[in-house]
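Have a look at the structure below before the remarks.
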Amino acid sequence: MKLKDFSNWLDKLLDPKSFKDYCVDGLCIEANDQVTKVVTGVSFRDRLIDAAIEEKADCILVHHPNGFWKNEDRIPVGHYGERLRRMFQNGISLYGYHLPLDGHMDIGNNALIAKAMGLSVVDGFMFEGEKPVAVIAEFDTCVSKEEFLACAEKAFEHGVQNALLYGSNQIHRVAICSGSGASGIEEALDLGCDAFITGEIKEAVPITCEELKFNLIHCGHHRTEIFGVRALADKIQNELHIPAKFVDLDNPI
Amino acid sequence: MKLKDFSNWLDKLLDPKSFKDYCVDGLCIEANDQVTKVVTGVSFRDRLIDAAIEEKADCILVHHPNGFWKNEDRIPVGHYGERLRRMFQNGISLYGYHLPLDGHMDIGNNALIAKAMGLSVVDGFMFEGEKPVAVIAEFDTCVSKEEFLACAEKAFEHGVQNALLYGSNQIHRVAICSGSGASGIEEALDLGCDAFITGEIKEAVPITCEELKFNLIHCGHHRTEIFGVRALADKIQNELHIPAKFVDLDNPI
Amino acid sequence: MKLKDFSNWLDKLLDPKSFKDYCVDGLCIEANDQVTKVVTGVSFRDRLIDAAIEEKADCILVHHPNGFWKNEDRIPVGHYGERLRRMFQNGISLYGYHLPLDGHMDIGNNALIAKAMGLSVVDGFMFEGEKPVAVIAEFDTCVSKEEFLACAEKAFEHGVQNALLYGSNQIHRVAICSGSGASGIEEALDLGCDAFITGEIKEAVPITCEELKFNLIHCGHHRTEIFGVRALADKIQNELHIPAKFVDLDNPI
Amino acid sequence: MKLKDFSNWLDKLLDPKSFKDYCVDGLCIEANDQVTKVVTGVSFRDRLIDAAIEEKADCILVHHPNGFWKNEDRIPVGHYGERLRRMFQNGISLYGYHLPLDGHMDIGNNALIAKAMGLSVVDGFMFEGEKPVAVIAEFDTCVSKEEFLACAEKAFEHGVQNALLYGSNQIHRVAICSGSGASGIEEALDLGCDAFITGEIKEAVPITCEELKFNLIHCGHHRTEIFGVRALADKIQNELHIPAKFVDLDNPI
Amino acid sequence: MKLKDFSNWLDKLLDPKSFKDYCVDGLCIEANDQVTKVVTGVSFRDRLIDAAIEEKADCILVHHPNGFWKNEDRIPVGHYGERLRRMFQNGISLYGYHLPLDGHMDIGNNALIAKAMGLSVVDGFMFEGEKPVAVIAEFDTCVSKEEFLACAEKAFEHGVQNALLYGSNQIHRVAICSGSGASGIEEALDLGCDAFITGEIKEAVPITCEELKFNLIHCGHHRTEIFGVRALADKIQNELHIPAKFVDLDNPI
Amino acid sequence: MKLKDFSNWLDKLLDPKSFKDYCVDGLCIEANDQVTKVVTGVSFRDRLIDAAIEEKADCILVHHPNGFWKNEDRIPVGHYGERLRRMFQNGISLYGYHLPLDGHMDIGNNALIAKAMGLSVVDGFMFEGEKPVAVIAEFDTCVSKEEFLACAEKAFEHGVQNALLYGSNQIHRVAICSGSGASGIEEALDLGCDAFITGEIKEAVPITCEELKFNLIHCGHHRTEIFGVRALADKIQNELHIPAKFVDLDNPI
């Protein structure tokens, strides 16, 4: 497939223009005019380039396009220059989709976490630009804290990192924001949520949960963000018939 | 002791004017003109106020003066208003010392972590204003990764949260920055360090350590910051003869 | 009455969201969950707290919420801390309404000055946000400068501070902006006004009036702003049946 | 005298480069290459141009160079254009000296007010740039509030506008800042002053004086600023032998 | 004609409010209340004032209102003061119209260049505010590079300064932006243009044209901007019956 | 030679840290760890990459590092991506030195223009950071305008583009600023210069020269900036014994 056509297909699917993001969303490195094999991963890093070379892929697609965040200098020297050199010498292009892969209602991280938890998405929240990046989802019936934790242990391969269950024991409505999403706690409370699922939290968050009497679990920044890029690899393979493979390079954070 | 005299003693000891901080360093709430009993803790929070009331303290001193960070509105309504109300009604003043309690060469978090690890401080780094907030410290001889981890497991009651040991197996020179200090990795490498100890890290840090071939462990934001406020309670009691007690409200982050 | 209900009643009446103000408009200090007696005044100050304590009030409402202007630090120490301490220890909450109490078409300072002068309000001007803070008002017939001054001497208990009557002797249409409102002179001229009433002026204003051949009187910043808070005390008493008293602590400026 | 030489004489005397001012300090309108007769006044205004024309002056020197403040547009149309037209058509240049004429230790407003009050200047304060704009001055012995007021009534032709005498009855050390100078109150208190003299104050100042227990009088913005330009006219006449006349166009503010 | 009426006629014709310009558009110097004779020119300069004086004009109208660009200080001293002095002493007002005289679809520089080249304007582009400043124009049939150059040599009295003809030899659709307009190259390419006409270019432009394979000629900043002010002189004379003369003070740039 | 050593040699020679520049000064693209053959040119462009490939060079050094100016995005896609791809695939690194190659007192553009004109450099001016980018140079004796022009026609292969000789006919002291340097005219006049040599000028410059009665010639932006990169190629070859070749891709601007 031509790179240009692949770009158009991705932009149509993920609609980056509707998000106010702080990185490039779309083509980051154009090193080839064709796309014949795709590797997806959470973060752009040396071992993902190794994997792409090994797979003879000519395209990498990531959720965290390291090197392409706002305010990065992008002078191709040193370690960043070395990454670019390997991409160009191996003819591998790079795509990054950040917030669009969190908020997508079908293949976004949060919608897929909801599905894995047995929740039904009912709404979006935490707008960045014109679209929400996080979801509100509901259980069919109220579940207890124990049942809630059990769902999470099942949904996340590596389990729950911390369970801060200071809220109600009747959990029905759950806010989900993958990555570092706890800034949405107050909005979630206003929206009537009983619990919050996120990836990575800061020191103040356990205190906030305790004092606001709220339930929150976090399961790892990386580990809450494998859902979108994994589903996108499947979608590329199924719909475009381009071989595509999600490569999981686990990260404890 | 008069509050004014206590303020002067603290400012002379901790020298907040030399640091460029992003919170109030010093007196945050003036609710009493005397200091007769002090409670110290890592973070200002409801349960620390409970503890102070129970201890009949008239002064709280913390490392994280929540409510007194730059850009906070400080309108005394809602949860923040409730905290102020309890402080004023119980006549309890609040002091916050943030970066000065990280960087102090005697009772700062980093100097005390070095001591607990069996390291000797040789220098400061990561300047914020005129003074450094982190330390460089050295073992008497090189230690292996295993020995390094063993020291850390001993120094921190709750142990090491993640060990990202991608660097040399000869560890002699160690950078220490409590809390969320990994932004100092490149400076530490430039200064010839073999390893880094910090509290809390973000998702990009394991990738950086792997690609720069560096050793880093993190042991919790809170848990690396109990050292300073604990030592300060002792110092207040010993030098000023004011009863002072460190209250540890553990935080997994 | 519950504080929350009182807040809602005030916000509905005064509509602070329509104004672009440079202070808090609404609840400033939440020191009680009930409102059983209200004291109103122009400016938040120690003697108004004395009055509230004496009146056994649990709520103060002011036009100038000192301590709650934009860019104030609000660290509760020193004089500001002492004010907060007294409010919390006596269980007295504070409300501030600034521009909404200038521009309200019924109980705002400017509408009430118009009424006291024998003028009929015909329009608003000097928009701050979506609503005007000042009014245009007309006499039934043209009045002379002498008659205009006589109306003002009657409307303001302490009289006119300076009469800069460089304009027409036929005064029909009058701009009114309480406080420090002379920045509206050019807009008032464009709108066909013959005279301007305000509170406090700067050194350049007499020169401007002379050179633009305009009539302006000023009657004191404080003294043009007792109208709104006085009327609001009456309205609270009459409509909510909560005892409410306007306390006038005169200010020559 | 050549305009260039006159400019040099003024700049050497008043040293505008040492002040951080918010208007032009120096030549504002160059309409003549000679200076043969000078008119001085507090503020640049139409009637001062009238006076200069009547006096056949070719130079006006003011303390308030209206039209030459920072952020003014200076498009020579309308009223400002008309002023420029008259200056150019009558060959009258304009000089403005603002802060340098407040802070000058010999012919500045504040030093001269001190002299008129029977005070001896001991120091400067309220630095703007490298030099102070206000002075600290002392009586030979302590005076009572009544004696202090009596001195002021004598020093200022139009007397005291408001006397806010909430401080000590033993007045020895006095801060003086002409114009709108009350922002210096806290600095004056820190410097041990017993009273403050200024020109124009805002609504919050009487409250501040009362609550900080301080003595302050204000005597008019204009009326505290006639001293410098009046003395400068004398100095020009005496030292340069250029006819120079201070024209007082009184302003109640 | 009264100046005020002339201003209104110009503003109605040229609609400056629709453009986001970086200079005054409209009356710049008001030195006369009448307009009886007009001189137009590209740039405000001493020799244009000479010409106006010689022509006994009381109004100058220019495309480049030097002295009235954003961020100019406009202190009327030195060379700028001398220009103002001459304007006021000779009673000559100044108008500037910058972007409105580039983009006007009838008497703007770009529309008139199109006409002189034998092109028909089909659209505007390069919006500044609500209106475009440049035009897209088309030949009836495709022309070769040679024919294109021949048209330009005919349309511009002083010919083409540089012909950077790296594009197609079939030229049908041409972008025109007078002055320094090459920043519009990429927009012109997106809009399907085969060539670009502008006035003045920077060092990078020949490289851009070569690498993007585009045709561009530039004919001088001044020389592409005589069209509008020349046509406006005619229009003033014909429609308002005020004598008006375009004075061409050639400029090689 | 190792790239790192070559970088050090260049930085020592050209001292980029002393200049406040608006592009990268130093290594821009690191595509090889060795330097065995160098191509220099004025501007980074496709044809210079062609030349480097043809010369089998592994290093390009330019004065204008296009792609590496401040505020450029540097997303390696499209035309910029294509340039990077060719550099990486051919193992060619890029260095840019901008202001340091204008201001160097031995091999800078301006010092070399002085030498070619028969002038002796006496000083630097137009500081950007700690160092000047332009030079003041003097003839042994005064020359006439004709002689001055003759020197310039000899010094610049393509001659003088415009001679704006409105100043004195006695030319002794000459300011030289290659590229687009006319913003230094007023500083040059203050420094007593009789003439100015630069590369590229804007429309206002001929008017300024005429009105300030100054002599200025400009000889092309590119053409005044071949001196430094040409001399640097020679110096690299002579001192480091690395083959180095200046490639002149002429540019009329």
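All chains are identified by letter, namely A, B, C, D, E and F, in their written order; residue positions are counted from 1 within each chain.
By definition in this document, contacts are C-beta pairs under 8 Å (C-beta built on N, C-alpha and C of every residue); 3 or more make two chains touch, one makes a residue touch a chain.
As the structure is a prediction and not an experimental result, all values here were calculated from the model.
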Minimal step count in the chain contact network, subunit A to subunit C: 2
For subunit D, the least number of touch steps when starting out from subunit A: 3
Subunit A-subunit F separation of Cα centroids, rounded to whole Å: 48
Distance from the mean Cα position of subunit F to that of subunit E, given in whole angstrom: 32
Geometric centre distance via CA averages, subunit D-subunit B, whole Å: 52
Junction residues of subunit C, two or more chains touched: none
Category of the chain touch graph - line, ring, star, complete, other: ring
Partner subunit A, residues of subunit B touching it in the complex: 43, 45-47, 64, 66, 79, 162, 179-180, 199-207, 210-212, 221-222, 251-253
Interfacial residue positions of subunit D with respect to subunit E in the complex: 24, 27-31, 68, 73-78, 81-82, 84-85, 88-89
